[in-house]
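In the two complexes below, chain A is the common chain; its partner is chain B in one and chain C in the other.
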Partner chain A sequence: MSGWMGKIVAIDLGSRERRTVAVSEETRRRFLGGRGLGVRLYNDPCPDPIDPFDPDNALIFMTGPLTGTTMTSGRYQVVSRSPLTGTICDSSSGGTFGAALKGAGVDGLIVRGRAERPVYLAVQDGEVEVRDAAALWGLDTQKTQKAVQAEISSKASVACIGPAGENRVLFAAVMNDKDRAAGRGGMGAVMGGKNLKAVAASGNRAVAIADPAGYKDLTARLDRIVDKNPVTGKSLQVLGTSVLVNIINAHGMFPTENFRRGVFNDAEGTSGEKIAETLLERQSACYKCPIGCGRTTRTRTKRGEGPEYETAWAFGANLGISDLTAIAEANYACNELGLDTITMGGTLGCAMELRETGAWKENFRWGEAGRLLDWVTDTAYRRGVGADLALGSKRLAVKHGRPELAMQVKGMEIPAYDPRGAQGMALSYATSNRGGCHMRAYMIAPEILGHPVFLDRFSTAGKAELVALFQDVSAVVDSAVLCRFLQFAVGISTFAEILRTVTGLDWSEEELMRVGRRIYTLERLFNIRAGFGRADDALPPRFLNEELQTGSSRRRRVGLEPMLDDYYAVRGWDRNGVPRPQTLAELGL
Partner chain B sequence: MIDLDRETLVKMIDHTELSAHSGEKKIANLCDEARSFGFYAVCVNGAHTAYAAGRLAGSGVLVCAVAGFPLGAGTSSAKAFEAAEAVRNGASEIDMVINVGALRDKKFDFVRDDIRAVAEASGPALVKVILETGYLTDEEIVGGCKLSVEGGAQFVKTSTGFGAFGAFPEHVRLMRQTVGPAIGVKAAGGIKNFKEAWRLILAGASRLGLSASVGIVEGLSLYKFAPAAWLEEEIPCHICPSRFANLDKQPKAVYAYYKKKCLACPHLEKYNKYYE
Partner chain C sequence: MDGIIKVQFFGLLRRRVRTAAVDVAGEDVSVLTLLGRAEKAAGGRFLDELLDREKELLAGTIILVNGENIRLKQGLETRVRAGDTVALFSPAGGG
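Our next item is the complex of A and B:
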């Protein structure tokens, strides 16, 4: 079976029972792998939404048909119901873990139950072994990975949680390959709730390629295209994702002090250019990736990965902090403790505004870089103010009586693009299946960067159709599984070609787009069962009622409702955002 | 609706790499991409002509070489020699740069002779004349087109990509109106996505000089799944050369010409709010 190893293992940590899950070729054609297949398989054991910390909640580690090939993919997806949002959630991570899982002979793991004592899973030669992790409990992610490698193999790739996951912080990340994060949505907390400290994979099994000659040609062509593309071949390589800091700031939509302003006067000091001048030690890359957007950096006392754009913003402009060293070290701490940097920064921004309005009396002040590390650490251990911060911004703001000060959608913190500066991005945030996320439909590409078409960022016309298209393409890429940055260089026709050479199965562009739409709609169906609807496809009132006062997005606010109507119509959903029977029939759902 | 299929689009593309810093690896990549996508031609500097022709032998993809590039201010004999050598090295098309200074000085005979010298030296190769529209008024663009045809060129082309600005639909439309249907119009310079390419085709371009060729072809694939985004009503100022007039890059008389046009434009009042 080209592209897949042919084995998905379901394991119950309570009973230690394990079995192989059969997945038909038809199902693989319809959902590909990764995110799509993960969500599809999640619905089998969990057809009705249950508490994310219920032992019966499934936690799925899933690769795709392209994982482990040289098509820039060592990636994997973690799928479960999010404790932060209550939505279905998938979180993606790079590095090598996905490739290692397939190298160990397994396409995916479905984990249910709760172990009585801490355990970790060792995947080798197609077998999954449950091992005692009592000695690992309490270790940070770096030490955990080293300790597991010492037990299994120095070449093992390890996905694990740190103290934040153990303490079920609602935005705990799963960390692998030292500093790569499946960050969003609290998948680390679900892992901690199962007493599952880590999953280790090692092995040398190769992914079978259906058309080796075609694959070789295509790989060479893709390398050329990636190299020639100004984003993948230049900006991301030289400056990393933080190349966006100055660009977004110049567009007046760089969220500053919890989205109260769109221009940060000290943005230059936290930019990719400044990182390259000061902290950068070398660029780093995921498995077989020719781009290498990662930044290995060093401060006077510490060394680590990042900050990437979202983190440079979350701990920078969003908190009024321009101390790049403090930002980098907070990033390192999040990696070690296993925390999502976007939600951490978003929650701190909310805390600072709560303090300023007098709603919370704790001593959070804009620009206070010196206490950043303490706040991050306290959050991971849920101690002091960290006990409240560990809830995320939505629950924090509700608790202190000012829900409107949480910059979130469906409970997930909005990242580093003020939606008042890009109407399509606003719609993308509002309709994201997992909450305030920029990755579901990265409308910054057409609205700011002019790719694949330049759109008037302040107009609402035509945005619904493109948001839906981007969401569907992203679902395909997350399910294939490929790095999303490839979307800057190639499009759906190339993705179909890559899948054909690897799997031997033909997908037309139309069929592949239908796969993406099917996945997005299946996620929507879960969310509807979980109680989400039109009222949740919303933005914080700040974006609808308050205009930015400075910068090139000034005097703008979001016109969400008309776009939402358009969007539902494009999707074939009714006015409440529920997919119509005809839509479900067309998608075979 | 956009009535254009992938096959037609790729056959309109001169896949281009003209940077001063491009080495052989980049030219190899350019040729290999052109071969795999079936582009009409690759457009390269003279020093890369022989290599590109060798790499593309038998592929059906032509080689286009530039002459007098990017300033057009060399002597006619130097340009002619450059063109002839490129043809000997395998070029099927020559993109020459007009003598912009002479055109602006109204030395029309000199300009016509300059073009004719290159056309004659190019023998069977097709000759395109780059006007560098960012340095010219509308009247000068019309004059440049007429002189190009009189000098024996088969194509007129908007820009080098190194001048004040790239291709605008308004200029392409003017060039097409001037040369008629029998002469080609090539739009080049700063064309980054499929929508920009489509606008120029609609304006009358029969050939596109592109560095972003792959992304533009992929853009056509995406268009069919979300046509509204590509057909969204244009803000005229976003695609108007007057809005991009730049005193640092243009002769002051040309800058003033475009600014004057902008101030007299009926769109100004409606759309100026976008630039407050």
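Our next item is the complex of A and C:
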């Protein structure tokens, strides 16, 4: 079977029972792999949504048909029900772990049950072994990876949790290949709930390619396109993602002090340009990636990865902090403890506004860089104020009586673009299946960066079609699985071609878009069963009622409801956001 | 005496011209004219990062006049006046 290793293993950590899950060619055609297949298998058999910490909640590690093949294909997706949002969730991570899993002869793992004592999984030669992890429990992510490699093989790629995941912090990340994170949605907490400390994979099995000659031509062409493209061939390499700091700030939509303003006066000091001049040691890259958007950095006393754009913002402008060293070291700490930096920063921003309004009497002050590390560490161990911070902003704000001060959608913190500055991005946040996230439909590309076309960011017209389209393409790329940054250089036709040469199966562009739509709709169906509806496709009232006062997005608010009506119509969902029977029939759901 | 228009450089452009901003003399000029003057003021060529050979804006280039994208105005013919700030960004991406 070209593209796939042909083995998905389901394992119950409680009973230690394991079986191989057969997936038909038809299902692979309809859901690809990664996110799509993960969500499909999560829903099989169509379960009543259960508590994310219930042992029966499946935690799925899934690769795609392209994993381990061409550039940027080291990625994998983690799929489960999120303890942070209660939605279906998939979280993506780079590095090499995805490729290593296939090298070990396995396309994916479905983990259920709860181990009595801490364990880790070792995947080699198509077999999954459960090993004792008592000695690993309590270690940070870096030490865990080293210890597992010492036991298995120095070449093993290890995905693991740190103390945050062990303590079930609701936004704990799964970390792999040192500092790569499946960050969003608390997949690390689900892992911790299962007493699963790590998954290690090693092996040299090759992915079979259906059309080697066509594949070779195509990848040579892809190399040239990516190299010649100014974003993938230059900007991301030299300046990383934080090049966006100055751009988004100049558009007056760089969220400052918990989204109260859109201009951060000290943005320059936390920008990609500044990082390149100061902390940057070298660029770093995932498996077979010629782009290498990662940043290996060092401060006077520490060394690590990041910050990338979202983190430079989450611990920077969002908290009124411009001390780049403090931001980088908080980032390193999150990597070591296994925490999602966006939700961590979003929650701290909420805490600071709660304090300022007098709703929470703890000593959180804007701009206080000196305590950042303590707050992050306390969160991972749920001690002191960290016990509340570990809940994420939504629960924190509700607990202190000011729910409107949490900048979240469906319980997930909104990242580094104020939706008042880009109406399409606002709709994208509101309709994201996993909550306030920018990765379902990255409308910043057309609305700010002019890619692939330039759109008026303040207009709501036509945004619904485009958001739906972007959501569908993204679902395809997340299921293939390739890195989303390739989208700056190539479109759906290229993804269809790569899929064809690797798997030997043919998808027309239209069929592939339908695959994306099917995945998006299946996720939506789960959320509806879990009780989500139109009322949850919402934004915090700040964005609907308060205008930004300064900068080039001033006097703007989000006009959500009309766009939402358009969006449901485009999607073939009814007024409450429920897919119509005819829509489901068209998608074969 | 002409007034001053501030031209700021970001991203790769800044590494190319090796300065974050220059002041350009001008009262009421088009963006295109301003860019020519900015090249002289910066003392180094950079227009090829922003424009193609036909002097059209390259895809992904962002030029803001007082925070507003010239693509939503009159493009390179957009007028710039003394006291305005013009921000130039070479194509960039991230997430």
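Quick note on the criterion: the second predicted complex is superposed on the first by the 587 of 589 C-alpha atoms of A that agree within 3 Å, B and C clash if a C-alpha of one lies under 4 Å from a C-alpha of the other, contacts with A are read in each partner's own complex, and residues count from 1 in each chain.
Please note the rule applied: a contact is a pair of C-beta atoms (placed from the backbone, for glycine too) under 8 Å apart; a residue touches a chain by one contact, two chains touch by 3 or more.
The structure presented is a predicted model; accordingly, all values stated were derived computationally and were not measured.
Partners chain B and chain C, once the complexes are superposed on chain A, run into each other and clash. Of the two partner chains, chain C is the only one that A:485 touches; chain B does not reach it. When both complexes are overlaid on chain A, the residue A:371 reaches neither chain B nor chain C. Touch criterion not met for A:355: it reaches neither chain B nor chain C.
Of the two partner chains, neither chain B nor chain C is touched by A:500.
By the touch criterion stated above, A:451 is placed in contact with chain B and with chain C alike. Of the two partner chains, chain B is the only one touched by A:466; chain C is not. In the superposed model, A:227 lies in contact with chain B only, and not with chain C. Of the two partner chains placed by the overlay, neither chain B nor chain C lies in contact with A:143.
Once the two complexes are laid over each other on the shared chain, residue contacts for A:298 go to neither chain B nor chain C. Across the superposed pair, chain B and chain C both touch chain A at residues 450-451, 454, 456. Touching chain A in their complex are the following residues of chain B: 26, 29-30, 32-33, 36, 192-196, 211, 214-215, 218-219, 221-223, 225-233, 235, 238, 274, 276. Residues 217, 220-221, 224-225, 227-229, 446, 450-456, 458-459, 461-463, 465-466, 468-469, 472-473, 489-494, 509, 513, 555 of chain A are the ones touching chain B in the complex.
Interface of chain A with chain C (complex): residues 230-232, 234-236, 238-244, 246-247, 250-252, 268, 272-273, 276, 293, 308-310, 438-439, 442, 444-445, 448-451, 454, 456, 484-485, 488, 551-552. Touching chain A in their complex are the following residues of chain C: 10-12, 14-15, 20, 58-62, 64, 66-69, 71-72, 87, 89-95.
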